[in-house]
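I've put the structures underneath this note.
Across the two complexes that follow, chain A remains constant while its partner is chain B and subsequently chain C.
On to the complex of A and B.
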């Protein structure tokens, strides 16, 4: 289980003078379902394209299934499924034509029954042309095309983008279908943290091209904490505690975002700061992610709110 | 099998342009030949030169009926080259299907080879076949009193090759990530520049050599651009 299927070392990409990915060091072990999360323009798509050898890194390297991404042989590519951002398929093809086209690249691997099952599950007609499908239906076809060859590694670039809740759930169910098969590894980027929470066992957080977290989901969930210190009279501007990410002051409270700080330390800190009481607020993954990636001096949407 | 699948896909994408080019050439070329056949304008008629009138040398400059179809073939060939180059190398950029095309169990050179093969087949099937048919039709002694010389037929094939040069130029421009006012325009500009010496070249051998050399230059640049390009 500890074998690494995807590894990047100091992966960096500049577009002109714009830094898209900054020294990304990443390891994805075999059999993991990895949610690759980040805000818009965080560098997720660029990182994925670098990993697949579709883009060339400015510096650094990456390997997929032990092969350098820039020299992925056809035999290696055959073992890697890729769902492109926006599910870009050949619009003029019918689902049947696309199936036939894709199947010819995987003569031994292609699972006809799995593809047919998925198309039926998603209630699609094989005669439909891609251009006549909705965004959600195209996503479903994309997923079926990616899963039918039984890839060892499946990389999906924001596969649930633009899908409604019901279709997203169906899509995730399809992903779980693959997860059920042993030894399969999935890396999927997403904005929707609920999806990551539902299926992933590992989380990679990227922010402005920089890797911010690469750990198991449980570790991330346990590490990022919101603590509210309530004071009776005097509220200090900030407190000194290890792992402090953000500190926000209100009239009677201090709101702390902490990473990797133990409950004992929090209690000791509250005591030292003279807080009347402290509460560790339970956050969902989305809140944790937002707090974790929020800029230091995050300004309000409307400036008048700051007054 | 994988190559054939890709070739079929490329051919299918070229099909509308292939048919359009064939229809244009067949319609205009057919009309010119039919018109020539009905009115026999390609040779001096005694009725046009009554006795006693002064006849100048250009009154006798006559051409086989297929000759006027040459410029139509040239324009159609250039148009087809532009259309196929754009379809194969520009449209995937706008529809963002490069990722889906490139990430498969084929090398980039094989993918490019499938595109080139499809383009050559498209040129041969659409323009080559129609040109051959027009030549065959105009060579009928029962229909035309003046038969086309072989040179006209060969010139037609040179025009078809010129279309392929334009196709390669369009492909190179489509693959370039530079700005329009810099090196991006090189492919198309080079192809456009090649057209003039070829059509002005009296010797077929020189024209052929010019086309081959320019095609090789564009081909090597296109192969390099495709293998180095980021998608």
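On to the complex of A and C.
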């Protein structure tokens, strides 16, 4: 099960002098649902377009299902599904016309029954024109179009952006159903960490075009820790500990963000620094992500001064 | 057998521990008894809308803890407590946790008799339930 279905090597993209993706070395094993996360403008959409061969890299390369992204033959493309950001579909087409159009790219593998069932489940009519659908309904059509060809690799660019909780859940269900078919792989970008936590077993974190993490979600959850050291009188400016990402000082405390540091090490560090007590604070995935991608020496947004 | 599992993403607790904690508790409370079959991994994953690997991992953790055993091809079953081995390390951990708990309670100003009463009351929530359910 460790076969790689998506791989990038030194993948780099400049827009003019702006560096969007910086030497991305990524590999996604077959059979995983991979949550692709990063802040706005981190380079997620650019990276996805490069992977799909929709953009030319400045340097570096990427392969999908063992084929160079820049030279994907139709036979390979047929095994890959792609959902664009914002679910852009031809507005003038009816659902039927769109299905026919899309099906022509996936001969022999289009699941008519699945498509029809999903459209019915969503209470849509195949005669409706795309331009008369709401955002949520367009997203539902887009989900049905993505799942009907039963893709071996499904790449979705922020598919749940702006959708209500119920439609978001349908997307997640769709992903779970697809992944349970043998050998399917999904990469999806999202800003909703709760969704990523629910369905993904792998997380890829990108920040300012740079790959910051590519591991199992569980490893990430276990690795990023927050520790509060409390001191009696003297608070040192810094402490020396392996895996230190951020160190913030308040009146009597030091707040440390650590990556991959064992609890024993934390205890030893607290002892050496002369802390009165230390607490390992449990964080949820969202907090972990925010701390992990926070710029160095960032301060709190607000500072209320008491008058 | 019927248990209700509640998954909250966004919690401090990873999803697989949410699963193991709730299933362990259902076993301790007797809502799941020896020989009961856990839902198949794929079914539970689809129902809870979570990654099947997460469910599989939770089942493995439960199996390592000796709470369930997996028979290849037929499923995962609640194991017999008499056959579960208790390791010295587990007992050690348990006493450590009790110490933390007692320290906390005493520091909150709860005295020893109250603490014992509290403990008994909580324990009844487990023991009685398991006996009642067996009668049904």
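Quick note on the criterion: the second predicted complex is superposed on the first by the 298 of 307 C-alpha atoms of A that agree within 3 Å, B and C clash if a C-alpha of one lies under 4 Å from a C-alpha of the other, contacts with A are read in each partner's own complex, and residues count from 1 in each chain.
In this section, a contact is a pair of C-beta atoms (placed from the backbone, for glycine too) under 8 Å apart; a residue touches a chain by one contact, two chains touch by 3 or more.
This is a predicted model, so every value here is computed, not measured.
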item	value
Room on chain A for both chain B and chain C (clash or fit)	fit
Chain B versus chain C as contact partner of A:169, first or second or both or neither	second
Touching partner for A:218 - first (chain B), second (chain C), both, neither	second
Contacts of A:33 with chain B and chain C, given as first, second, both or neither	second
Contacts of A:201 with chain B and chain C, given as first, second, both or neither	second
Apex chain A: angle to the C-alpha centres of chain B and chain C, given in degrees as a multiple of 10	150
Which superposed partner A:111 touches (first chain B, second chain C, both, neither)	neither
Partner chain in contact with A:82 - chain B first, chain C second, else both or neither	first
Touching partner for A:255 - first (chain B), second (chain C), both, neither	neither
Chain C versus chain B - closest C-alpha approach in the superposed model, Å	28
Contacting residues of chain C [partner chain A, same complex]	7, 9-16, 42, 45-46, 49-54, 57
Complex contacts: residues of chain B adjacent to chain A	1-2, 4-5, 8-9, 12-13, 95-100, 102-107, 230-231
Chain A residues within the chain B interface of the complex	49, 52, 54-56, 74-75, 77-78, 80, 82, 84-86, 88-93, 100-101, 104-107
Complex interface listing, chain A residues touching chain C	32-33, 169, 172-173, 176-177, 179-180, 193-195, 197-201, 218, 221-222, 282-286
